[in-house]
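Each of the two complexes below includes subunit A, the first together with subunit B, the second together with subunit C.
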Partner chain A sequence: MTSFGSYNYSDVKTLPLDSPETKGIAVCKILYSEEYKKLMSCLRGLMAVNELSPRALYMTELVIGKVAAHYTVWLYRYKNIKKIVEETDKEGWHRVLEDELKWCGRVALANEKNYQIWHYREDIIELMISHLYGGDSDKYDVEKEEFPIIETLIDRDEKNYHVWTHRRWLVERFKMYGSPRELEFTEKRLAEDVRNNSAWNHRFFVLFGGKGEEFEADFDTELGFVKRQVCRSPTNPSSWNYLRGICAKKGFVQLKEFVTQFTEQKETDPVIPALEILAEIYKEEKQQDKWREVYEQLKKVDPIRQNYWESYGV
Partner chain B sequence: MAGQLLTNKHIAYFKRCVGVLPAAFESEDSNMLAVLYFALTALDLLGALQTSFKEKDIAYFVGWIYAHSVETEEYFGFRGSLIYKDTGIYDPPNIGATCFALQSLVSLGDDLGRIRRGKLMKYVTKCQRVDGSFAPILDMATGLPYGEDDSRYCMMATTIRKIMKWNGNEEIDIDIDRLVKYIRSVKAFDGGLSMGRMCESHAGLTFCGLDSLKLTDTLQKNEWNDTADFLVHRQIWYDTHNKLELEENGFADDKDNGGFNGRLNKYADTCYAFWTINSLQILQDSHLIQREAVEHFLLKETQNQLMGGFNKTSDPADTYPDPLHSFLGLATLSILGYDGIGQLNSELVISKRAYLHWRSIKW
Partner chain C sequence: MDESNGISPSEKLTDTIEKQLKVENDIQDIYDEVLAQGSDKFPTLHRKAHLKYTGLFLHRELPSAMYKLDASHPWIIYWLLNAHLLLGGTTEDKMGEEVARVILSYIYETDRYQGISGGYGQLPHLASTYAGIMSLALVGDEKWYAKLNRTKIYTFLVSLKLENGSFRMVQGGESDCRATYCALCVASILGILDEKLIKGTAEWFARCQTYEGGFGGEPGDEAHGGYTFCALAGLCILAPPSRIAQIIDIPTLVRWTCNRQYAIEGGLSGRTNKLVDGCYSHWVGGMSALLECVSGYGQVVNRTGLQNYILCCCQAQPFGLIDKPGCNPDFYHTNYVLCGLSMCQHFQVYNEKLGEKEGYAFGYQQIRINDDTIIDNLEANRVLPLDPIFGLPAGYSRTMRDYFRD
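Presenting the complex of A and B:
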């Protein structure tokens, strides 16, 4: 009897992995473990007849547990979930989909760099909204379902690109632009590490990503915030980058006084990103001699980009 | 003094990649066409593709790649692994695998005669989403795109289209206007390209976006000046003027000097030297970076002195090379014109020799 977990697979017509076309060819040949071969031949047998059932769902769990990067296994799992939801009553939906979301969390924890899991999770959230909440996305409890897993993963890797991208998706999907909770989240992360560029970028999205429809950020408050962060660590490229970002439309002249305190320091070297903004200011003011001077200075303090500074006509 | 390129060790490393691999590679099972592409292109750049293999071996490679082809009534392409074969609707062509298969076949001198161009381009066209981006696969049951979207698949879809010499006059084609709109939409506030609208700028995704435009003749240089600024700033240099970073920034290390990071305040990584420099190459701006410093970083810090290949980072805990970083390290040196490495075609990311062969292919 072939069984995995509490399911019996004895009647599945298994499809072994070995392919007749490449028999005898040792190109990129992986020496599969016996366990992997057993799982894959069973999964392949189930997929071949498109069996959608709880035991097929369980098989996808075992295979994704071994190899999360198999691309159609995710599609197969999604089709299984959809079928199970369609065949259960409303109370059953809750259990199935909530279990699925929990499972997604466990897989994400085990595969921090995986692309597919987040796309899949977003599909499951959509399924919950359409089936459990009659299309009303406000009924989905983002704070309870999403924030703990995100916190855990960002605690492990504060710049995990996939996790931040998912958090961004949540802001867009659930219209959380300008949300004090989101802003606090970025502030907490920046308090821990002011160089966390992912946190800066998320803040930018929360404040300015809403295309002006839902929320208008207060520019002066934000300018004050970022200036304080710059002062915490003046050579940190991320906070300067953000400062440039929020000022891009309004121009940089207003930053002149702030910037010069970092370019005319007596005891330490001038701060490179501050010099870069100063050059922009002189350009805006059409003071050509002065901005050339700044680029000359940049050539000295940032020699790795010498060719680049020279390309500005120095 | 930059270190020396360990040519013979690299050749031995890449030859191992195309042979028998331990079970640890199970996690890469869907990516084996990528592994083959990295290894063959690297050997090609080292001038060792013809000398390392007999004609019989080359025929094996070609046969193995074609064993991954999928043909249905409507579509054609390649699957990522033979594990999908015979699974019906769960065995669709994959955009990534198809791209790597075609690039490898060109490098092997194949005439692509067995590729069903019309069916392939129909598949690629169907994988495009309404927003202009591309999905890795179609759900064969519904005929709709399935999977994550980001500019990686835009680059691979447009590479396939270019290799197929599709020129826009055909009945079926991707929507280039929508593709361009999508690529523009993922530019972050600092000029770098990203995973979606206003995501964090990322050098790898920047290359994928710019190359998609280049491959479809829609790259207008003056539209991407801020992108070049973002890219140039990826080269790392810790020195007296920013010594505070070495003290306070957990990601700063002066062993990374000369190398490139993919995002602000990340450590240097072999592959970001490639993504950045090749992006700049496509923008005709690669002279803006410091060549000697990046050569030093690659040859001294990430070139694996024992096994050949390149490690991901300069971290001493990072002791094993992998096919992707090894290929991209070598490809970077090729773009920089390092002596003894063949030229790379930046757009199709194959050797110039393979590119010339591709040009001669006629349908």
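Presenting the complex of A and C:
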């Protein structure tokens, strides 16, 4: 008898993991463990007949536990969840979908770098909105359901791309542009590590990402914020990039006094991004001798980018 | 301070700084040792050893621990075979035939569409389709090309296209720059790129460019080397260099790209304030070579610095290539570090006439650099010229494209 967990799979017609047509060819043939072969051949059997059932759902959990990148299995799992939701009543929806979200969290914790988990989680959130909340996304408690898992994962790896992408998706989906809570979140991350570029990027999106949305950021407040961050860590490229980003449309001339404090200091080396902006200000002001001089200086202090500075200095 | 990548000694010790300083120190030690040994002992490419690595795994079964890549079979083949050929290896004996047969066993076909899956019995996926078709291109035998059904693959691609111009990886899956790039590569090499397929795609890529200049996976995401590669290479399929310059912001992209290179390491990082990683020698390096064409700008990345990083810091013992010192080799890094090495040794040149005639992606030609001030191009380190758009050594994409000419 073949059983996993509390389910019996004896009647499942198992399928092989390798094609019979490539028998005898070693290329790319993985020497699967017996355990994996057993699970996967059973799952393939279930998928082949498109069985949608609790035992099929359980099998996807076992396989995803082994290979979280198995996109075919994720898609099959989603089909199972949808079917279960269709077949249960309103109370059932709560239990099934909430359990599913919790399970997603556990898988995410065990697989920090994965392309499928977060997309799947977003699909489950959509199912919850449509089934539990009658399409009203305001009823989904983002703070309770999403923020703790994000915090935990960002604490582990503060620049986890997948997690930040999910956070960006939340801002879009739940219209959190300009949200003080989102801004605080980035401020907290930046207080911890001002070089966390993911936090900077997220902040930019929260403030300026919602093109056409109602929110409009207060430029002067934001300029003050980023200037303070630059002072905390004058050589940090993330905050300089952000400063350049928010000033891109207005031009850099207004930053002249600010950057000069980093270009004229005698006791330490000049700050490259400050020199760079200074050179661009001189260009805006058409002071050719001055900008050439600054680019000459940049060539000396940043020799690996000599060619780059050279091209701008002429 | 003078030599470092700009972290001031008085700054609060954060996660970023701690990791960065550790890598800088490790790599500085390696360079000091290399310099102490004298210039005649400068590391060269361990060609034989790496060929042994790729050859070994192309000829025998893979250890059970590799089940983690069970949804990435075509990638394993593409990485190994591409690296093998870049190093000067061949597909002699039955290797080519075996590779082709295995890739074809991953084909998923219905009466309407055809795509390649991550492994036998799985669903068709755009990344697998890209890796699978590139692997067949590397085998280079028309006999296997004939197994691809262009009409059905076109239907498959159309089914994954989204309203906003991007593509999904798989029905019901995520859409991003990777998926979109893979779709364009496949369509371009099979000669099925048409208006319907590419409507809105260039504009969608442009929306992924961030305030930093690089591109994120989707609009609003952080600029990242992998996605930036996908976006620019994708755009090179969609438009000639002169037009690309009108679609995206070139100066900020050039600035972001050249800032990926670190002064001490010489290697490239994938994002601002992240560590150097050998694989970005391709994602950022290969992209930079295309950017040189598009921007008309000289060298964006310092090739000598990057080649030094690759030769001194990315070669594992006894074989294989790696992310950074202390890492273990894998197929992915072995391929992309070698792609990056090829970029160091060649320029990409866009031939307008050729591009107009054959499709923009086919207008790029590779020229070996013969200028010591740019790169010391020793015979011992030589790898094949790479066409970065498709991620294949020069000529392979053209051969497949010519076969599928209408």
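Keep this in mind: the second predicted complex is superposed on the first by the 310 of 314 C-alpha atoms of A that agree within 3 Å, B and C clash if a C-alpha of one lies under 4 Å from a C-alpha of the other, contacts with A are read in each partner's own complex, and residues count from 1 in each chain.
The definition used in the following text is that contacts are C-beta pairs under 8 Å (C-beta built on N, C-alpha and C of every residue); 3 or more make two chains touch, one makes a residue touch a chain.
Computed from a predicted model, the values in this text were never measured in an experiment.
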Checklist entry - Here subunit A is shared; do subunit B and subunit C fit on it together or clash? => result clash
Next on the checklist: For A:I30, using the defined touch cut-off, is the partner it touches subunit B, subunit C, both, or neither? Pick first, second, both or neither.
Outcome noted: both
Item to check | Contacts of A:P270 with subunit B and subunit C, given as first, second, both or neither | outcome: first
Next on the checklist: Contact-wise, after the overlay, does A:E192 reach subunit B, subunit C, both or neither (first, second, both, neither)?
Outcome noted: second
Checklist entry - Of the two partner chains, subunit B (first) and subunit C (second), which one does A:R44 touch, if any: first, second, both, or neither? => result both
Next on the checklist: Between subunit B and subunit C, whom does A:H119 touch in the aligned arrangement: first, second, both, or neither?
Outcome noted: both
Checklist entry - Common interface residues of subunit A with subunit B and subunit C? => result 15, 17, 19, 21-22, 25-33, 36, 40, 44, 47, 66-67, 69-72, 75, 115-116, 119, 159, 161, 164-165, 168, 193, 195-198, 201-202, 204-205, 208-209, 233-238, 241, 244-245, 248, 269, 271-272, 302-308, 311
Checklist entry - Where on subunit A does subunit B make contact in their complex? => result 15, 17, 19, 21-22, 25-33, 36, 40, 44, 47-50, 66-76, 79, 115-116, 118-119, 159, 161, 164-165, 168-169, 193, 195-198, 201-202, 204-205, 208-209, 233-238, 241, 244-245, 248, 269-272, 301-308, 311
Checklist entry - If you look only at subunit C, which of its residues touch subunit A in the complex? => result 1-2, 6-8, 11-12, 14-17, 58-64, 66-73, 76-77, 95, 98-99, 101-102, 105, 117-123, 125, 169-174, 210-212, 216-224, 254-255, 258-259, 261-263, 266, 271-274, 297-300, 302, 305
Checklist entry - If you look only at subunit A, which of its residues touch subunit C in the complex? => result 15-19, 21-22, 25-33, 36, 40, 44, 47, 66-67, 69-72, 75, 78, 115-116, 119, 123, 158-159, 161, 164-165, 168, 171-172, 192-198, 201-202, 204-205, 208-209, 232-238, 241-242, 244-246, 248, 268-269, 271-272, 302-308, 310-311
Item to check | Residues of subunit B touching subunit A in the complex | outcome: 17-23, 25-32, 35-36, 60-61, 63-64, 67, 80-92, 94, 136-137, 139, 141, 146-148, 188-190, 195-202, 232-233, 235-237, 239-242, 244-245, 248-251, 257-258, 263-266, 287-290, 293
